[in-house]
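Next, two complexes with chain A in common: one pairs it with chain B, the other with chain C.
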Partner chain A sequence: MEEKYFEISTENLKKFIDGIITDNYEVIAPTDKDGDTFYGKINKFEETNLDILLPKMSYKEYLLPKTETLFEYSISGVDTEVKDGLQNIAGANEKRVIFGGRPCDAGAGPIMEKVFNWDYKDEFFNERFKNLTIISIACEKPDNYCFCTEMQLSPESSYGSDILLKKSGDKYFAIVTGEKGLNLVKAYSNLFTETAKDKVPADKDWKKIFEVEKTKSFLDKNFEHNYFQERFLSCIGCGVCTYTCPTCHCFDIQDEGNLKEGRRIRNWDSCQFGIFTLHTSGHNPRVTQGDRYRQRLMHKFKIYSEKFDKYLCVGCGRCSRNCPEDIDIKEVAKNLAEMA
Partner chain B sequence: MANTKTDEKLQKIAKDLLESGEVNLIIGYTKGSNPQRMRPVFITKPEEVVKLTFSSNAVQDLAVFLKKQEVKKYGKIGITVKGCDEKAVNALIQEYQLSRDNIKIIGMQCNGVIKQSLADKGETKVSETTVYDKCLICQEHTPVLYDFLVETEEPELSISGNVKPYAEIEKLEAMSAEEKNAYWAKEFDKCIKCYACRQACPLCFCSRCIVEKNMPQWIDTNSEEPGNAQWNLIRAYHLSGRCIGCGECERACPVNIPLMLINEKMARDVYNLFGYKSGLDINAKPVFGVFSENDFNDFIK
Partner chain C sequence: MENIYLPKLAEIKEIIQETADTKTIRLTIDGKSIDFLPGQFGEFSLIGEGESTFGFSSSPLRKEYFEFSFRTSGRATTGINGLNEGDKIAFRGPYGNYFDTSKMHGKDIVFVGGGIGMAPVKSIMEYCLDERDKYGKITILYGARTVGDLLYKSIFDEWKNHKDTEFVVTVDPGGETPDWKGKVGFVPTILEQLPLKGENSIAVVCGPPIMIKFALKTLEEKMGFGKENIITTLENRMKCGLGKCGRCNVGSVYVCKDGPVFTAKELESLPNDF
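Showing the complex of A and B:
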């Protein structure tokens, strides 16, 4: 579908969100909780906090839950019953809208979709992803940790959003990228006014401070470079970077149960953990935290792009903002680009 | 960043230690990714000591690095510590994780550090509403043990008493068991099992954590109930009588679980029952490492 363009007043946007909530949509939006802002379910528009740049965590959990049941079993006498976990999530997200996220977060879905469909088609991810409707808001003021522009997106990118809203005075321009977004707009057509592409304000000329291709070209040639061991001596391996990241998707499959019942689950996992690559023999190919942070950089800026033609980073900057030891990935990627 | 007298003194101590060969590495603070942030720095060359600085934004407990293999290999180490963090050094010595002979303690007088969440929003003033709760109950503004002391130029933290540190603890103590359970079930539901609390803790030094032991699987791996509660409770027990209250677990937690309520409550209980506070005396035996006939025995019926 070709992009379509609409206008909606701030007042009508509130009516739109409250309207879809009344229509039994589950709306996930930035909302204040525990002294910070997180994505969470809202019961009315007023509960959103659209003044902040980004919630502390990404909304990855709505595509890849922190724990997902793959199947369950129960044994009774000689009978064994197995239940496919997919049954639990059939139609998941069908009436779920993520509202008020940013272009970086929206960009993460289609990037992750590639690895979840590369060989095995991951039915769990796909079931959640295909149904989710994403209404993002373009950023007006990215902060110093943001680098979506360097990561081939931009604060105004519509990539991955079903509807991208761009604020302009007391109204928004809505860029509708596909059927999912259009169906919602049509259902509330009294709130939207269709407009022409040339009425939508042009994107600003966002500047880059480094070229990610150069970062990659450094990584191509400098696997053993001292930089990694020196810079990441301060990494404590807490994994916060990977767990708050919208694109980090590593998981660990585990069995839980006993002779009567149990289940196979997959949990979030992190390449920053020492045990992540620990072999049964006791050998660990990634001995130091420098080795592990290098892996994270390699995966984001080199390996993924070679395999899937997309970098595995949307430049949201969460890993930097949330790092307890102040490792700033934008600064690191820039350092590497400068050394290339 | 303009060099203050504090920084000059700190840099001089570090330079002397490196030049004389008394230490091979200095762990300290340097300026971070924004003017209100600091980050750890590792210095091996005397000419690099100019990077060292200290301020009320020095939130990290650098003692966490003393458990790291990559750092341990330096042997003799000098470390910059606030009073709270210094207690972690003591506890590590008490628990035979560190030899007193291998560590030079550069004690930093400190009148409180600004909560990072506020500093990131531009807060620059040290006051009872901007510092961590641990600063409001701090008895060690001057570290209890040090080889060198760098006095502060900051004014003393004035405490009116209007801000009650760890106020939630008393509310929790007044709750019924069911209410407490409901409170913590809600908090632990947020846990994502990233184990940042463990990694940020200077005293979580087990080379293999119990969550990584799977024959048998002691702690459920799921990040739901009961796995989350199992993890958070076992960590609380493993830290009781040991936690020195630096608050790094709570600061690192990406989902804002109030972990310090647990740790502070455990510390208070241990003090009330055994008269022991962790990390104050390197010659004291850890409270759960010794038995005394006078120990609290009422639980034996």
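Showing the complex of A and C:
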């Protein structure tokens, strides 16, 4: 479908969100909790916090939950009963809307989708992703940690959003990218006014401070470079970069329960932990924190792009903002590009 | 909608206590083996204790069962170690690439296995022995730290009695017993003493990283094997086996999907990340 364009007043946007909540949509939006802002379920528009740039965490957990049941089991004598975990999430998210997220977070979904459909299809991910409706709001003032423009997106990118809202005075322009967004707009057509593309304010000329292709070309040739070992000596391996990242998707599989009943689950994991690659023999391919941070950079800026022709990073900057050692991935990627 | 993480239940037909801490388990699904190729692997588990990754150790041509060998070392393997014949093991697979036997037809082959690394070697080796006429001279070199650490002792005679097949078994210095009849020496050292030449030959090498490193050096530099004719496997830690969980990669190569079988030439182009 070709993009369609609408206008909606700030007042009507509030009515729209309250309306879909009344219509039994589950709306996930930036909302304040414990002195910070996270994506969470809201019961009315007033509960959103649209003043902040980005919630602390991405909304990755709505695509790849922190813990997911792959199957449940019960064992009695020689009989093993297995209940497929997919049954629990069939049709998941059919009436779930992510509202008020940013273009970086919206860009992460299609990037992860490629990993989960490479050869083997992960229907857990697909089932959650295909039904989700994403209504994002373009950023007006990215901060110093942001680098979505370098990562082939922009603060005003509609990539991955079903509807992108761009604020303009006391109204928003709504760029509708597909059927899912259009159906929602049509259901509330009294709140939206269709407009022409040329009425929508043009995107600003966002400047890049490095070229990611150069970062990749450094990584292509410098696996053994001292930079990795020296720069990441300060890394304490806490893994917060991977947990807060909207595209980091590595997981662990564990059994939880006993030999009678329980479940097999997958949990978020992190390449920053030594045990991640530890062999049974005691051998570990990635011994130092430098080895492990290098893996994260390699996966984001080289490995993924060689398979899927995009990068495994949307430039949201969360890994830098949340890093207890203030490792700024934007600076790192820029340094690498400069050394290429 | 298929759940790619859902295992099948396989029945334990036979358990062979190979050494004090290793076993071979023979399994069937619906009363027979499954379709797989030598070099491939699967995820095995006692449900409730977690999955482990093992390569198949039997020849795919033996249709009555499929088998794997394992050392008891953690929670999952301790669980499997406690099972009896008739019990069930959860299984997913087969996954990964395989040894391409079509490229080995008509050639001399040397199989080199170290320790529990003999398990994947056994699969491809027995596959070749099952169709003995398709290959030239076959040499088997198997080494372990001590006599007590040698797996598959009960079938050594079966291997050795094939025509035009030489079987050499060795233990590391200090690992021999008074009545030991085999060789004493590290695998790469004994390998060097064998009358092998690189031309029209294929080498299959599996074992601990240090053994692989020196065995490859010997094969290439002293015996003239081309890097493309030396085949080995990588044994990185895995969880999903499906190219998703993100831990088995070596550079841009995913061992679970692009491997586990690689030629020495392919390994040469990979970063030192394994």
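One rule holds in what follows: the second predicted complex is superposed on the first by the 335 of 340 C-alpha atoms of A that agree within 3 Å, B and C clash if a C-alpha of one lies under 4 Å from a C-alpha of the other, contacts with A are read in each partner's own complex, and residues count from 1 in each chain.
In the analysis below, a residue touches a chain if its C-beta (ideal position, glycine included) is under 8 Å from a C-beta of that chain, and two chains touch if they have at least 3 such contacts.
Just so it is clear, the structure is predicted and the values come from calculations on it, not from any experiment.
In the overlay built on the shared chain, the residue A:267 is in contact with chain B alone; chain C does not reach it.
With both structures placed on the common chain, the touch criterion links A:110 to neither chain B nor chain C. In the superposition on chain A, A:254 makes contact with both chain B and chain C.
After overlaying the two complexes on the shared chain, residue contacts for A:290 are found with chain B alone; chain C is out of touch. In the superposed pair of complexes, A:56 makes contact with chain B only, with no contact to chain C.
Legend: residue contacts after superposition of the two complexes on their common chain; A:144 is shown touching chain B, with no touch to chain C.
The larger set of touched chain A residues comes from C, when the choice is between chain B and chain C. In the superposition on chain A, A:321 makes contact with chain B only, while chain C stays out of contact range.
Looking at the shared chain after the overlay, A:70 reaches chain C, while chain B stays out of its contact range.
Of the two partner chains, chain B is the only one touched by A:243; chain C is not. Comparing the two complexes, residues 252, 254 of chain A contact chain B in one case and chain C in the other. Residues 33-36, 38, 56-57, 66-67, 144-145, 229-230, 233-234, 236-240, 242-244, 252, 254, 256, 265, 267-268, 270, 273, 275, 288-290, 320-322, 324-328, 331 of chain A are the ones that touch chain B when the two sit in their complex. In the complex of the two chains, the chain B residues touching chain A come out as 32-34, 37-42, 60, 64-65, 68-71, 117, 120, 190, 192-196, 199-200, 212, 217, 220-224, 227, 248, 251-252, 254-256.
Residues of chain A that touch chain C in their complex: 70-71, 73, 75, 78, 80, 82, 84-86, 90, 115-116, 118-124, 127, 223-224, 249-255, 257-260, 262, 264, 266, 269, 271, 276-281, 283, 285-286, 291, 295, 298-299, 302-303, 306-307.
Remark: chain C residues 1-7, 9, 45-51, 71, 73-74, 86-88, 90, 208-209, 235-237, 239-240, 242-247, 249-252, 257, 271-274 touch chain A in the complex.
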